[in-house]
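Should a chain be cited, it is by its letter among A, B, C and D, assigned in written order, with residues numbered from 1 in that chain.
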């Protein structure tokens, strides 16, 4: 079972890897974007960890709703509302249970990813974070490790795609050949589950 | 790349502090990142709020003041502001007559303004929205995030600002703003990439002897790279792209806009070529504005925006305006 | 270096054609290179003529109009105009009340304006002159051509322009202009060299991680090269240099001026630091102007100008002005 | 004896070498100036040759006065009035004689150089065109070749000097180590005497 502490560790682990990989994310956002994805997420997850230290959150749902709200209020850009919605909606789906099973979490994350697709209008293959998140959700039944691998593969698989959503779409065919920064950060988010969970 | 900054993390806050010092006629809330007209909210009048990533100055903060925006929300460099900022701005300028959000069409801006609109309506503020999407370089909008908002933003903010200051109702201010956007088209070129403080190096490589055609205003590369062209050739290409998309029947406003590092000397020379092409195509020019208005940090390059106007839009364009970035008649 | 031009030989003429198209309120004589107020000569009023090399836009042509210059003479890039231009300008603006030449202190400008003054006086036009020399980076004026005219030119042109428009006599307009100059000091830094169209490559090499302190506005290197400094450190250095030379007892006008390629975002941030240093030194700031006003083509960098004002000078500064580059109150 | 034709040939030869050396003059004007000396003189001497083709000039004095006036009206900058004054005053000193001796020309040129010193306030050693012109005048008694060599040496000798006039003076000690562009163009002007004169 996963408790509030697990979700706090998830957020902390994500923050750590976002800080570590910020330059890489910004570099990926340069040829097909506006070179801010790394600093956007750094700002956001710094706020998330600060908020989780300051505010009491005793359920998994509360942790993720608070984290999502922080992202919405501090990131801006496309990724702020999208990642914010992902965490908020996942959190809301978890309700106010003190502990949730991995299956319940997988279900909730699917709801979160659906909300992101609805908000941003992106489908798999559009070269966005969705391309890492959708395979991750599908693989979550096989554990965090499998989800991490699936997200990572999904991110890598964005390279040959032509972007149809977000800034990269303005480039038309010139977006081909570059890995999507948002899919890359989504892979970091999913990989952090393994670091948080021990499983 | 060298910059005149302290550290990348504080550029937006530092700029707002400097803006506050230079413009006592504005209320600059540095902590919450909102720039507001001193006299807002104005009784019975519609509030006009815009915003977007920083790095495009004077857009938007420099267009706050009588006759133009009521408030602006600057985000991080090239990053849409967050909903909290727009909500705060809306609350500060709402007199009960409602607030128009002027949103450049980028995924981030649209999502954040939409969230803010929901929150504002929860607080009982009536919100209307206009989306600016004038950049003809983005084609196939079925397969993209749609046309970007660029130079036409200035026309929308100025003309809607005049309508709001006259006391026109929200619905009418919104429809004027839409009319301006629908009648505007832009095309931009880059001679160099720009450098964001966070990255510290140019956002893309542009070798000597080449230029990017069809760029946006966020340092992103354009649709196409070509061998360097003369000012006259660039004017031919850019004006053609604009006019082919919207052949104007009425006189037009022209904005010959520098991307930030192009000297005014070159911009005026470019304007001469733009006017030549417009004349050749039989387009009547009502007004021309030349300068660095909708910029991309230190990018060298220029964009051309053309806005077809009827008598009413022209009257609103000519109405007095007094902002740091655009001022006449008062 | 890429430029938005046709060929180097025609940049000035092209820019004037573009200026004529954008500013129907000015008379732009492209062939003879003179920009004149539409309403000149103004009966009974002193004419104000300035000029200098091109590449400093909006200076001087962009400062022609009600409340500021009567006419401007643009030379080739970074090259003083020729006496024929000043003579023509003087004749165009002389109403019989005489003409004030505003001359930045460079050998070329001084010599050419002096020759023009002789020719004009031969034609019966009364000429007075004011020399602008505000740049404290030039020391030991016994061993140099003397201090350069830089940012203070804007203050002199604006304030003398207001005095002339009020109908003050030549002698008085000249003495006001001198007073402004005597009470003004400037210091500039470059983060990059600029590229002239004729040369096509940067006028000097400035490696990453270094800056030039004490530069002029003609792409010339400064007095000293140092390791790159933060915006705060640059403000300390520049403001100190200015205040040490003239510790103000009265409130000051402040111009935080970009050299051409420095984004407004950075300039405003730099202004925050400039204001900090002024406050620390106990200097009262009456007005602040931030922007690219006295530029060096595409040079990155900034200059600070401080002008000590009494009530009369402040009143003249605040008086309405309507030019392409500076406009308020009308 | 030197007739009007000789002086026309002098101007044409100067124009030719200014065009040939324009980039070098502008390059010399970059590290210690504003990178325009070559294009300034090109513009000026283009106007001089055009005027000499268009307008009748039947005395040496008339040729030089016309040339000087053209320089003043087309060059601008520091060098326009200075070179313009040099030629105008030299021409005026030649009066309206149809032919002049080399000694008379040397005398007139001295008057021209004096006028330049008075107008610009520069003395020998200030790192200006004066440093090429003064030795040239002194050597003119030994013929055009000697004058050319003296001017050339004078120009080269400006390299170690610290500038005290013109733009280069703003650089203080940093002006040391660069040859003065105006002295260099003065050497071209004097060298052109040899090309015009055959002597």
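Keep this in mind: a contact is a pair of C-beta atoms (placed from the backbone, for glycine too) under 8 Å apart; a residue touches a chain by one contact, two chains touch by 3 or more.
Going by UniProt, the chains are A, D = Dihydroxyacetone kinase; B, C = phosphoenolpyruvate--glycerone phosphotransferase.
All values derive from a computational prediction rather than experimental measurement.
In this assembly, which chains make contact with chain C and also with chain D?
Neighbours common to chain C and chain D are absent.
Could you work out how far the Cα centre of chain B sits from that of chain D, in whole Å?
About 53 Å separates the centre of chain B from that of chain D.
Using mean CA coordinates as chain centres, what's the chain A-chain D distance in Å?
That gives a centre separation of 73 Å.
Compute the distance, rounded to whole Å, between the mean C-alpha positions of chain B and chain C.
Computed from C-alpha means, the inter-chain centre distance equals 29 Å.
Could you pull out the residues of chain D that touch at least 2 other chains?
none
Could you say which residues in chain C touch two or more other chains, in rising order?
Each of 77 in chain C touches at least two other chains.
Given which chains touch which, is the overall layout a line, a ring, a star, complete, or other?
It is a line, because the chains touch in a row without closing up.
Name the touching chain pairs, please: which are they?
A-B, B-C, C-D
Looking at the complex, which residues from chain C come into contact with chain D?
For chain C paired with chain D, touching residues are 8, 53, 75-84, 106-108, 111-112, 115, 137-140, 143-145, 148, 196, 198-199, 203-204, 216, 218-221, 223.
Considering the complex alone, what residue numbers of chain A touch chain B?
Residues 26-27, 30-36, 38-40, 43, 72-82, 119-120, 162, 164-167, 169-172, 174 of chain A touch chain B in their complex.
Which bits of chain C are touching chain B when the two form their complex?
Answer in residue numbers: 1-7, 10-12, 14-19, 21-22, 54-55, 57-58, 62, 77, 191-192, 208-209, 211, 228, 230-232, 234, 256, 260-275, 285, 288-290, 292, 295, 297-298, 300-302, 322, 327-330.
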